[in-house]
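Have a look at these structures, which come just after this line.
Presented sequentially are two complexes of subunit A, the first with subunit B as partner and the second with subunit C.
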Partner chain A sequence: MAKFPSVAWFDAVRDIYNKDDAMHGAGSGTCNCVVGVQVGRELFRLTFEGFECSQAEMITKAQLDDCDFYLHMAAKDWRTMLQNIQEHGHATDNFTLNTLDLGRVEGLSASTHNDQYREDLFFRYNQTLQFFFDGSARIQTTF
Partner chain B sequence: MDQQTHNGAEFELDLGWMEKQGEWNTHAEPSKNGLTLADIQVGFYADTPEESRNLSGRPRGAVPRPGSMPIGNYTVRTKSEIWLENASFLYEEALQRQWSSATDIPWDTIEPLPDDVEQAQCQMATFLTEVEFVAGDVPSRWVSKTSPDFYEARNVLMAQVMDESRHMDVFRKRALVNGGGLMRATGATAGFVGGIDLARDFTEMSSRLHLSGEGAVLTIFRMGELMAYNDAEKAIYRLCAQDEARHVAFGVMHMRYMAANAPERREEIESYLDEAEAGMLTDAANPAGQLNQTSESLSIMLGGGRKYFDEGFRKLVSIRKRQLQEYQKRVTSAGFGDRFKNGRSRLGQMMANVAN
Partner chain C sequence: MATAKDADRVRPALTLTKEELEVEVPEPRLNWMNQWREWGVRVRPGNKGLTLGSLNVGLYGEIPMNWPDRSRNPRGAIGVTGTPPVAIQIKDKVDLWAPCAADLYEEAIQRRWAPATDVDWKAIHPLPEDIERAICQVCTEICQYAIIDVEVITSWQHQMAYGYHEVKQFLATTTLDATRRHEAFRKRALVNGGGLGYEGPCQVSRLLLESSGGWTETVTGLILIRALFTQVMIRYLNRFAYNGVERKIYECVTQDFARLITYGVEHIKYALAHAPDKQGSILTTLAIGFRMFNRDLRDPVLREALAIVFGGGIAGARNEGMLVFYEMLDEYVQELLDACQYLRLPVSIEQLPKVFQKDQRHSAEN
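Let's turn to the complex of A and B:
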């Protein structure tokens, strides 16, 4: 059981993602980017290198500059998304990362640098990121 | 070697080829992601010539064959014409992120749709099949024109051709899977062929295909999740968007290389961007553009039916805005952002008129 958001929670999901070959095929695969995750005021950084998510850590706001892009939502919206994943085993309907990005006025993915080449990595690796968060269906999450 | 030479003498073999070898004692080592193209950029084999005189199809680093006849009509023989810094990386990524339209799309989630929505889906699928055909055709032509010395960039283009063929087949499958079929051809390819395939120069082609054309289609694919009615359609658009983002990355990185290494061609490239921008909303190749067949079908899908056309059209307008904003940021990232500050680009005016 792991509490969201926390490094322990991301580590538990990383473990699932890194060990499951099914998450590295079907349009997923090698992925190289640094992703920020903002849950309310809490900030985390996920490092994807090749076929693994090699690190999850807490960061400061200034460190968001190092991220290719960051995913930001209020804590209650993250909770709704993760509950949808828990219920169905994967994100459905309006809870996929891409749909959340499109459907929300403020979007889901953003950056501090405004470089579209780096922001495009959210689209380029979208299936991998979706598999990663879908992996949370296999752990018990508390909030 | 001694033993082999000995054997050669014994059986009267001509082993002269054994003396004609490239740099020897090379030990490329696999990295974390396997033995990638980046890992074999070692020693002499990493050297890419600024100008290529290789007309014989000789692999880069192999020993030339004296008197060999030219076999390739390679017009792209200058490195800066086609180069980008991360070609090896993009190629490996393309190989490792392939997917199958037969087995990675949950086709069983597609259920009957209202007639107007199914017709709109089929019209868009027809259009995208048409466009992807050309998006595969064009880079393949440039592959055959490019010196083998620049094989990294060629390989990325060949991977793109594979991607585009998969896009062609997945949209054809979508049109034929749910009681509909292909609709009327839009003629978009005529514009596409005219505007892109007649490019006289690789950079001209890439600015039109990768930056403006594929950039616009990338936005549509991403937005596809908003007009998807089941998990299959969501997966189609999401996976196509990933591929498309890689193609756009090729264009951005090539432009960035040109901006840094070929300043004498800057004005020429600006003129390609002028042309690309002029056609962004009016060109039939942009599905969110002003062609009735595609803009109406998109609006019906986005709204949820013909009755909700106006709501769908409002979403289409936001897609058009997003296309233009993302294009502007990509061109800026590529090193040509001044055009948006010095009055050369008409993009600001286009954004103001985007709803028309």
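Let's turn to the complex of A and C:
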């Protein structure tokens, strides 16, 4: 059981993602990017290298600059998304990363640098990122 | 390391007859063996494997601004003199280069998918007829776009100098992506009791097919008009997907498009940085392209089909469906303006046809 958000929670999901070959094929595969995750005021950084998510760590707001892009939502919205994943085994309908990005007025993916090449990694690696968060269905999450 | 013993295993010694032994075989000269422009190169694989970009070391990493060699000589090899030139017209780096091309090539290879087996086709279920017909119509138009993409890109590939093989190789993956897109949407149209619908209007397609002045200008239309719009449309279709089959297709196609768009935007950025005078032809292409796109959008077929998909049927198409359709257009315009800002292209929403302007749209349609 891991509490969201925390490094321990991301580590538990990383472990599932790193070990499951099914998450590394069928349009997924190697992924090289640094993703920020903003949950309310708490900030985390996920490093994807090749077939692994190699690191999850807490960061400061200034360190968001190092992220290619970051996913930002209020804590209650993250909770709703993760509960949807828990319920169905994967994100459905209004809770996929793509739909959240399109459906929310403020979007889901953002950056501090406005470098479109780095921002577009959200779309280029969308399947991998979805697989990663869908992996949370396999752990018990508390909030 | 392979030994002579290993070699014997894979290539058995020849048993020659007496007559064969009497045939006079010229002594090998082996004079080609010391002819290398650079020897002793040893590229070591990194944590991403042995990538195409990592081979760009020493002489082999020299990518000149101009490649006058109109042959198929691989970059770094010694050319043969007297070879008749092939039809290579794009010999300047500024006309095709994007610094990310080698990385995008690797990414395309790594992140490949197969519609036949990676999509759980058996999970599809019957849909109301109006929705099924609408989805099939959208699939038909996306298939047509894919065919155009293949034709446009391949018509330029053979004109590109081999000195810039990273771009040629990446573009080869984009034509595969487009054929896979055609395959996936054709399968979706035919898997659930439906079929193919109307061929769409083709003003933008004609513009792309007839664009022969330059690859950069073709990329401008192909990426900033056709691909960016299709990408946004597919993301909206994903948002309103009716089953996991469609969702999987849309997710994978989004990624495929993202690579093509990244190449296109980064190429235009490179071209503008090294040849600022290209801005004029890029802006002209955009202006013509938007006029064509405006004409295509006057055709109601795609608009109505999308509205039905977004509105959950004919009943919902008139209000909610059309609202989502226009929201989708607004999202496309925003993506386009963001890209233009990134490229420092002076394009504003007021320059676009009224259908793309939220507050002018109503007057344009009346």
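Just so it is clear, the second predicted complex is superposed on the first by the 143 of 143 C-alpha atoms of A that agree within 3 Å, B and C clash if a C-alpha of one lies under 4 Å from a C-alpha of the other, contacts with A are read in each partner's own complex, and residues count from 1 in each chain.
Everything below uses one rule, namely that contacts are C-beta pairs under 8 Å (C-beta built on N, C-alpha and C of every residue); 3 or more make two chains touch, one makes a residue touch a chain.
Keep in mind the model is a prediction, meaning the values are calculated, not measured.
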Mind checking subunit B and subunit C on superposed subunit A, clash or fit?
clash
Quick one: is A:T96 in contact with subunit B, with subunit C, with both, or with neither? Answer first, second, both or neither.
both
If we overlay the two complexes on their shared chain A, which of subunit B and subunit C does A:E57 touch? Say first, second, both or neither.
neither
Taking the superposition as given, does A:D65 touch the first partner, subunit B, the second, subunit C, both, or neither?
neither
If you stack the two complexes on chain A, which partner ends up touching A:Q127: first (subunit B), second (subunit C), both, or neither?
both
For A:G27 in the superposed arrangement: first (subunit B), second (subunit C), both or neither?
both
Is A:E87 touching the first partner subunit B, the second partner subunit C, both, or neither of them?
neither
Once the structures are superposed on A, label A:E42 by its partner contacts, choosing first (subunit B), second (subunit C), both or neither.
neither
State whether A:N114 touches subunit B only (first), subunit C only (second), both chains, or neither.
both
Residue by residue on subunit A, keep only those touching subunit B in one complex and subunit C in the other, then list them.
25-30, 32, 49-50, 96, 98-99, 102-103, 114-117, 120, 123-127, 130
Residues of subunit B defined as touching subunit A within the complex:
32-33, 89, 92-93, 96-100, 104, 218, 222-223, 225-226, 231, 234, 238-239, 241-242, 244-246, 248-249, 252-253, 326, 329-330, 332-334
What residues of subunit C sit close enough to touch subunit A in their complex?
47-49, 100, 106-107, 110-114, 118, 231, 235-236, 238-239, 247-248, 250-252, 254-255, 257-259, 261-262, 265-266, 331, 338-339, 342
Which residues, counting only subunit A, touch subunit B once they are in their complex?
25-30, 32, 49-51, 92, 96, 98-99, 102-103, 114-121, 123-127, 130
Residue positions on subunit A within touch of subunit C in the complex are 25-30, 32, 49-50, 94, 96, 98-99, 102-103, 114-117, 120, 123-127, 130
